[in-house]
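Listed next: structures, encoded as structure tokens.
One chain, subunit A, appears in both complexes that follow, with subunit B as partner in the first and subunit C in the second.
For the complex of A and B:
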């Protein structure tokens, strides 16, 4: 961890800077954008923790975000609201009304437990088989969320979550996530996992238990996703299962890929760039819709631009903007060469 | 007896469509060991071509031919945009670019056409029904079965008897060796994408014939079906993909007839859990493919 203190400080500084800027400007819209950015950071860092260290693409991340969001919702929606929000809820859960902060923590643990159980046998797989099973896992989680009406209100919108996430809480959790991802990267598990990423056979030959290591990373990643999902739930206060499917997976993935999946710096920088681009393009879509340039509403422009950016980055710089070294290491190296 | 005939026709027609979908996915996978996430969008392209030509007054068969050609072109475009530039760099990169390309096509349809379902012209033949042994069945089910049989036969002929087919099988078995013996890599890969697009185009026509409309997200279900079928049948084997397609249709149809309404909602969760289980039990699938060769 020592070698990453500079990196942690810079990345945490970026988050603090974003919060300060939005507070000083005092525009409510910026407040919302920065909160969203911090929540995305938690999710992207979780995905980076698994993908960056193990080298395996995972589509299931969003599913665990959903698990977290729904867990926290069920535990924290006020008891008198539950009759309306979740009419078919099991009796033993009807009276439960925890503080949202406690339920966010439980949501993270719940997502991690679900991940631990379902992913244990999957971690033996590599390459395309691993990707297809993670895709299958996303579909399974989505189908369950859409149809388990008792807990999720089915495909309909679930409402009534207490608003608990503000800009400071989300920024605090985002900074913790940065530090957590860096600690994991330098842990024994993280280092061994990266050896298996670079050469699976050589790693196995020196006695690395690859499935067990991948499993640990996957569970920690799900913990991040669950907490991120719960934070988001208490920020947006009403959502439906659609929020945890392919479109959102694409956005999170674009943040990670454009920044660079192998480094924490890349994850953070990618999240900042994509969030800014996303909000800018959404604004542009809004303007075009107001101006009624065409008869039809303008939708999909944002995704088209993001997809093109993703393809371009992968062609020109397959590792993303920060392919191998963290920002702290890059700066230190530059200082040393100057001396 | 009537029920048995009904059941068999349902399984065969669904299985025929599933088998073609799976074949289109696995022909690319067999050579490159890479999954094409933009495969479903080839079906979408065929559907929207039909929609755009619906007012042109051309005979239906001409429109259908144009739609299939567009799907072939979209398949080749997938190769050039998402696969060729990053193929040599990393597996993950290609999976992500093909996922991005799929999002790109879907959102282009959203932006330039419409998010609402669009009606696709269908010949009257598709909506007629016939009675076989007491079972009433839509004629399009029989058309699907016939199309699947003809295409599978043609495909088998192509793979076994022509130079292109033999070269493609060689490339799927050992890509490096095939290249050393003078098989042009890029041509083979582009041909695989073209065939994949052709199969997707034909399946798209049959698939959209069931629903009658096309929406930007139409490709997801065929993609999932192709995934499941290829995983069940064996990711590396062409015959495995066909078997997997029919097996999946058998499972789906059986579940449709036996599960109660409450559980039927979870059908996708059941089938996908099955995929996970099969991958664990036999990561290679039911039918083993040729021995592994190196990817380029």
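For the complex of A and C:
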């Protein structure tokens, strides 16, 4: 970890800067955008922790975000609202009304536990088989969320979560996520898992237990996703299972792929770039529609541009903007060569 | 862990009915260097794969001392103290050179700090200290080979199986490697088995040779004995030469 202190400082500094900028400008819209950015950071860093170290693309991440969001909702919606928000809720949960901060933490653990149980047999798979099963896992989690009405209110919108997430809490958690992802990367588990990412046969030949290490990373990634989901739930205060499915998976993946999945720096930079582009394009879409430049309203500009950006990155720079080294290491190498 | 012999006993391997190895027996003792030679396709690499658990045996067994280790997964064989290198170099390309070597020590249970110390010592021993912070992918071919051997050694193996460690090296590099390898059995108490096509290297390095052709043992003995063996000459140079 010592070697990544500079990286941690720079990346945490970026988050602090974003918060400061929005507060100094005092525009409420910016406050909302930065809070969303910080929540995305937690999710993308969780995905980076698994994908970057294991080399396996996982679609299931958003499913664990959903597990976290619903867990925190069930535990923290005020008792007198539960009759309306979750009419079929099991009696033993009806009186539960935890502090949202406590329930966010429990939500993370819950997502990790679910991941630990369902993923163990999947971690033997590699390459395409692993990607397809992770996609199947997302579908399973989504289906459970839309149908387990007692806990989720089914496909309908669940409302009544206490608003607990503000820009400061989300930024604090995002910085913790940056530090956590860097610590994991340099831990024994992270180091050995990365050998299997680069060459599975050689990793086995030095004695690396690949499925066990992948499983650990997957569980920690789900912990991040669960916390991110709960944070988001207490920010938006009402949502439905649709929020944890394909469109959102695509946005999170594009952030990681554009930035560079192998590095924590890439995850952070990608999240910033895509968030800024996303908000900018949405604004542009609004302006175009208002000015009635075309006969029909402009729809989907944001998604198309993001998809093209992802294709461009994959062609021109397949490893993303930060493919192998963290920002701190890059700066240190540059200083050394200048000497 | 301190077992002193690694034995392949009547080992056979089949690929889709084709016999790649047919009843090969070979013993490697700690402290000695054995050369495994033979024409292309004779089953040398397959034998290393069979010993390290990367291919299934059709018949026979592999033992470490008295313990049967055939049937174990490659990872478990590695943890018994058997390290290997690959014919086509397999480095961890997106990790630095020092991380490559550290990983092998970490996998055997060393602490992060101990692994770093060990890796730095090995880098110096192999003349790679200046390359420590380069990515695996950025190295020259000869350096990659050296890193792979250093990585195998970081696991403190009792037995080290090297598949063409000198391939792609120039003469000076090969010479340096030869001196490093020659010192290993005494210094580290390990048994070393080497596959290589460079007969000069093999003859200078190995006390014993084992010759394969078409998946069978055709000769075994000291370098001098093997060099004169008509079966070996025939396998290498063809039928005519053996009678010339």
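Everything below uses one rule, namely that the second predicted complex is superposed on the first by the 333 of 339 C-alpha atoms of A that agree within 3 Å, B and C clash if a C-alpha of one lies under 4 Å from a C-alpha of the other, contacts with A are read in each partner's own complex, and residues count from 1 in each chain.
Heads up, the rule we're going with is that a residue touches a chain if its C-beta (ideal position, glycine included) is under 8 Å from a C-beta of that chain, and two chains touch if they have at least 3 such contacts.
These figures come from a predicted structure and were not determined experimentally.
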Room on subunit A for both subunit B and subunit C (clash or fit): fit
First (subunit B), second (subunit C), both or neither touched by A:127: first
Per-residue contact with subunit A, leading partner among subunit C and subunit B: B
Partner chain(s) touched by A:17 [first = subunit B, second = subunit C, both, neither]: neither
Which superposed partner A:207 touches (first subunit B, second subunit C, both, neither): second
Subunit B versus subunit C as contact partner of A:9, first or second or both or neither: neither
Partner chain(s) touched by A:276 [first = subunit B, second = subunit C, both, neither]: neither
Touched partner set for A:198, first subunit B, second subunit C, both or neither: second
Partner chain in contact with A:136 - subunit B first, subunit C second, else both or neither: first
Subunit B versus subunit C as contact partner of A:84, first or second or both or neither: neither
Shortest CA-CA distance between subunit B and subunit C [superposed frame, angstrom]: 9
Set intersection of subunit A contacts, subunit C complex versus subunit B complex: none
List of subunit A residues in touch with subunit B within their complex: 51, 55-57, 121-122, 124-125, 127-129, 131-133, 135-137, 139-140, 143-144, 146-147, 246-247, 250, 253-254, 257, 261, 296-301, 303-304, 306-308, 310-311, 314-315, 318
Residues of subunit C touching subunit A in the complex: 52, 54, 73-76, 78-79, 83-84, 86, 90-95, 99-100, 102-104, 106-108, 112, 133, 135-136, 151-152, 155
Residue ranges of subunit B in contact with subunit A within the complex: 29, 33-35, 81-82, 85-86, 89-93, 95-97, 99-101, 103-104, 106-111, 114-115, 216, 220, 224, 227-228, 231, 235, 265-266, 268-269, 272-273, 275-276, 279-280, 283
For the subunit A and subunit C complex, residues of the former touching the latter: 188, 191-192, 194-195, 197-199, 201-210, 262, 323-324, 333
